[in-house]
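Worksheet: the structure to be examined is printed underneath.
First chain written, first letter: the chains are A, B and C, and each begins at residue 1.
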Amino acid sequence: MIDTNQLFPFLMSGLGFGAVYAMSGTGLLVLYRTTGVLNFAFGAIGAFGASITWSAIENNWAPDWVAYLMCIAFCGAVTLGYGLYLAPRYANRDDLNKMLGTLGLALILLGFMFNLWKTEDARVFRLPTGTRRVQIEWFCNSEGKECVFDARISYTQILAVVFALVVAAGVTVYLKRTKMGTAMRAIANDREISSLLGVPVRRIEAIAWLGSGVLCGIVGLLLVDLFGSLDVVLMTWFVIPALAPVLVGRLRHLWVAFFAAFAIGVVEAELNASTWAWPSLYRKTTAYVVAIVALLWFARKRNLVISGRSTR
Amino acid sequence: MDADGESVCGLGNGETADGEPIKLGGIVTSVPGIGFDLITDQTAAYFDCVNANGGIYGHPISYTVENDELDPAKAGAAAAKLVESDGVVALVGSTSILDCPVNGNYYTEQKVYAIIAGVPAECFGVPNMAAVNMGPHYSALGAAQAVVRAGAEGKLVAVTGVVPGSEYNNTGVEALAAAEGYEYESVQVPLPISDADTIILDLISKAGEGGGVILTFTPPEMIKLMVAAENQGVIDDVIWGSATPANDGSVAAAVGPDWDGKLLINAEFEPTDKDGPDTRLYTSISTEYGGGQPLGSFGQMGFLTGRIMTSALLSMGPDAEFSRENVSAAIIGISKFESDMFCQPWYFGDLPLHIPNNWDITVVPDSASGTMVKSEECFAIAALDDPLIETRAAEVEFGLGAEG
Amino acid sequence: MTAVADDPRTTAVEQGRTAAGSPTLLGKRSIAKMGVAAAALAIGLFLLPAITSTFWVKNLTSAAILAIVAGATGMLYGRVGLVALGQMALYGLSTWITLRLSFATDLPFPALVLIAAVITTIFGVILGLPALRLSGIYLSLITLMSAAGFLVILSEAKFPNGGPGFKGLVQEVTNRSEMRRPDIAIGDFAYYRYVVIAMVLTYLLALIHVVGKPGRAWASIKQSEAAALAAGINTTTYKLWAWALASFMTGIAGGLLAGHVKSPSVFPFIVEQNIILIAVVVMGGVVSLWGGIISGLLAAVLPELFQKIGVSDRWSLILFGVGLTVNLLITSHQLDKAGIRE
């Protein structure tokens, strides 16, 4: 029923994707709590940034590390730009319309990517961490041939997990301990009252936009390495499964979302270890099923969700 | 050909054709992840070269390509546009996942003939379409033959992506496994691939130590899988084979030296570094008219469709009326088209179905040169199913093409 | 549910009536409007096919079918205030059912389409019953997640091609069958007229609802669900009613698509198409059903027009994104000016 030899290597691979879900989730969740915007363009911005990196590496515009920074800078700039110039125009709309606005941005970016790059062709760049790998061989028998835990993981996978932890922990500390963080939480509770009380709403929102944009650039780079190639369509709509853990965290609980992200990543990978055909055929539905179940579970308490904004 | 035995475009006289154009059309699938426009672009480049060299006795070829974008409604509309609105006399270079299944009957009704590069099964089962390639079914079968010769043991696993009609990509390998006494398993993975690591580990476990894995994917998806196999260090665990699309410069350039000589790719055509008149002409057209596109099987398919169509049109003579009916007759009349790219001459003929390219060459990645290099000379695809058995019989009986 | 309009307490409903604009069939200008509609129908049915080629007729057929889906989505958005991001999944489901039924039975084409639409409605309601307890952003997200999940299953199942078994798949080329069209609409031009008439009929069905009691209840739900509840409107029933109607319309469209393309692929139903759909629906306008027709034309004909004038049809994606953004900004601006906070 289950191929036990594969459980451990699949766990490792699942943790890598779980980490990317967790990082995306952190970026999406903090931005939503601060600004009320569920940024559907998260994936498109990351894919665009990664495409710029690809061009820079391919045409030798700059050393590789500068090319990586270009991706992060682009994502930060576009996200911040949207936050400063377009998002305030939706300030009086509900969360649904704010979300639709970011869908517009996603379509525009995707359209430009199709026009600027030959997206039908294979495009690849490897992070330095992607080509270096560690062999894990734990609890091996005397000949050292059969091991209980046997897998090969790349430094990108390790980097993703460590980075996801650092980001989530960093954001938690920032929100709890710093003045800006406290202000951010105040805005999340009530934007207008915070503003009346003298909290610099615009500045705090700008920080949230920028931070989320930088995260989006990092996620973009990591995804190219984890997917094995730069697939802009895949990356653009990666935001949809990445929303699943955020929804499990009810769009507010960072650590719930964080662990849900890893759980989804691992389950998605482990379903492949089944020797029955259908769990592995339909493994890609994991994130969606989790999101649907979570939403329906919350819908039991009707008053919670009668309006989009009230749950924040 | 000119006096020195060099291949030339059309009449090869260096004069720009400015007569009444002959209209040809093609349908291509080009969406992110699946792009066959390398093929139609090369067909177009060939016709540009023909038009700059006297055209078809002074008639330039006007070539229109429509993209179906993987949408059947668009594929149907595109065929109607080409056949009815534009009034093309024949179709050439078409490479689409949807064109044959959606428009096959329509072309038969409209009596339009096509020289194409075929993808799904429907392209290889009709009287009025013939492909210069053998399609994924026979291509994967040829790769599996190479994998068996390379000493694969126990089990063959055929893998392809889930697209309309993709079962067809794997069934050739299934037939070979049955004939050669191997266990067999078919795997179809959802596209686009997002978890190549788990897919690769799963394949290795399914095939078992020393088994054979035969992949049929477009270059972008292929690269994801090859990179994952590299990451997991499992390249030497099984013997790998691949259908033709992987014979692409982008694949050889993207993977590391671990893959050198380890992926047996069915190339269908002679490698692009071969010293032959057609290959030289293809290389020069690719630089001159094709915007320096990477050389590979896809480019060769585009070149050959254009070249065969041109030779059929020229065979009609300078005073012919280039109507749909006459051009169709000329296409049916193609009986022994020789090229140094093919293992055997190519033909069309009045047959119920066409698989004229049924010989295979194996190439492998070479990281030093960043290209694919030849590892096996021409061999015949095993005739394990009725269409190919009938084709081989017809080749002998009608004296068409070569004896298989 | 008692008669809403006769109840003296239903001030919210009365407000709703004005908010939704004067009901089309009952207004003073109704005769003029019907005249315009009849003229448009005549042009669509007879003039357009006469002056265009098969290519454009096929594209117009696609547009008319999409107009039904867009009309349903626009009705949910504009009349009830529900943004469904999973309509394309229901559309694909219905196409699959129609094909499967067509190979399994000898039923006439209209029966195939109607049965498929009814089954699609049942699926829509099964999802809608719990999902409609959610609102706003949550409802949109659950529909989008459902569509994404459904697409994985549809890609795996593939569309039937005349084979045996539940999936109806066959591998041999020679054993494949084609989806049939109605006897009176075998050709592309005839099928186009058939689709346009079907579109008009589904629109009339929607119109009857919009100008009737459900329409008034929807309008009041859209303005304020709490107020509608207070006014004694059974909001769950009326929301589900709208949801079922939209599913039914989408189901009809799916059946018509099966006849249009005969051998469908998954591509028209991918997740991205849901986003494009909502963009063209917002661009076309969600208050009037005419918006649905504009949306259908935008999605199916505009990219071809782009190609015709030598512009890559990939610009249409950018245009849809810009159109969505501009429309949202304009409505935001109007709301600000009117001093309305959502």
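Following the convention adopted for this analysis, contacts are C-beta pairs under 8 Å (C-beta built on N, C-alpha and C of every residue); 3 or more make two chains touch, one makes a residue touch a chain.
Here the structure is a predicted model, which is why all the values come from computation and not from measurement.
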item: Of all other chains, the one whose Cα centre sits farthest from subunit A; value: B
item: Chain pair, most C-beta pairs within the contact cut-off; value: A-C
item: Averaged-CA centre spacing for the pair subunit B and subunit A, given as whole angstrom; value: 39
item: Distance from subunit C to subunit A - Cα centre to Cα centre, in angstrom; value: 32
item: Residues within subunit A bordering two or more other chains; value: 114, 233, 281, 284
item: Residue numbers of subunit B (touch at least two other chains); value: 31, 188, 190
item: Junction residues of subunit C - those touching two or more other chains; value: 152, 156
item: Contacting residues of subunit B [partner subunit A, same complex]; value: 30-35, 37, 188, 190, 192-199, 201-202, 205, 219-220, 222-225, 227-228, 231-233, 248, 250-251, 254, 256
item: Residue ranges of subunit A touching subunit B (in the complex, touch as defined); value: 3, 5-6, 9-10, 13-14, 16-17, 114, 118-124, 126, 130-131, 133, 135, 152, 154, 227-229, 231-234, 238, 268-269, 272-273, 280-281, 284
item: Parts of subunit C lying in touch with subunit A, wherever the complex brings them together; value: 83, 130-131, 133-138, 140-142, 144-146, 148-149, 152-153, 156, 225-226, 271-272, 275-276, 278-279, 282, 312, 314-325, 328-329, 331-333, 335-336, 341-342
item: For the subunit B and subunit C complex, residues of the former touching the latter; value: 31, 67, 69-78, 80-81, 84-85, 97-98, 101-102, 105, 121-122, 124-125, 162-164, 167-168, 171, 188, 190-191
item: Interfacial residue positions of subunit C with respect to subunit B in the complex; value: 53-55, 57-59, 61-62, 152, 155-156, 158-159, 169, 171, 173-174, 176, 178, 188, 257, 260-268, 300, 304, 313
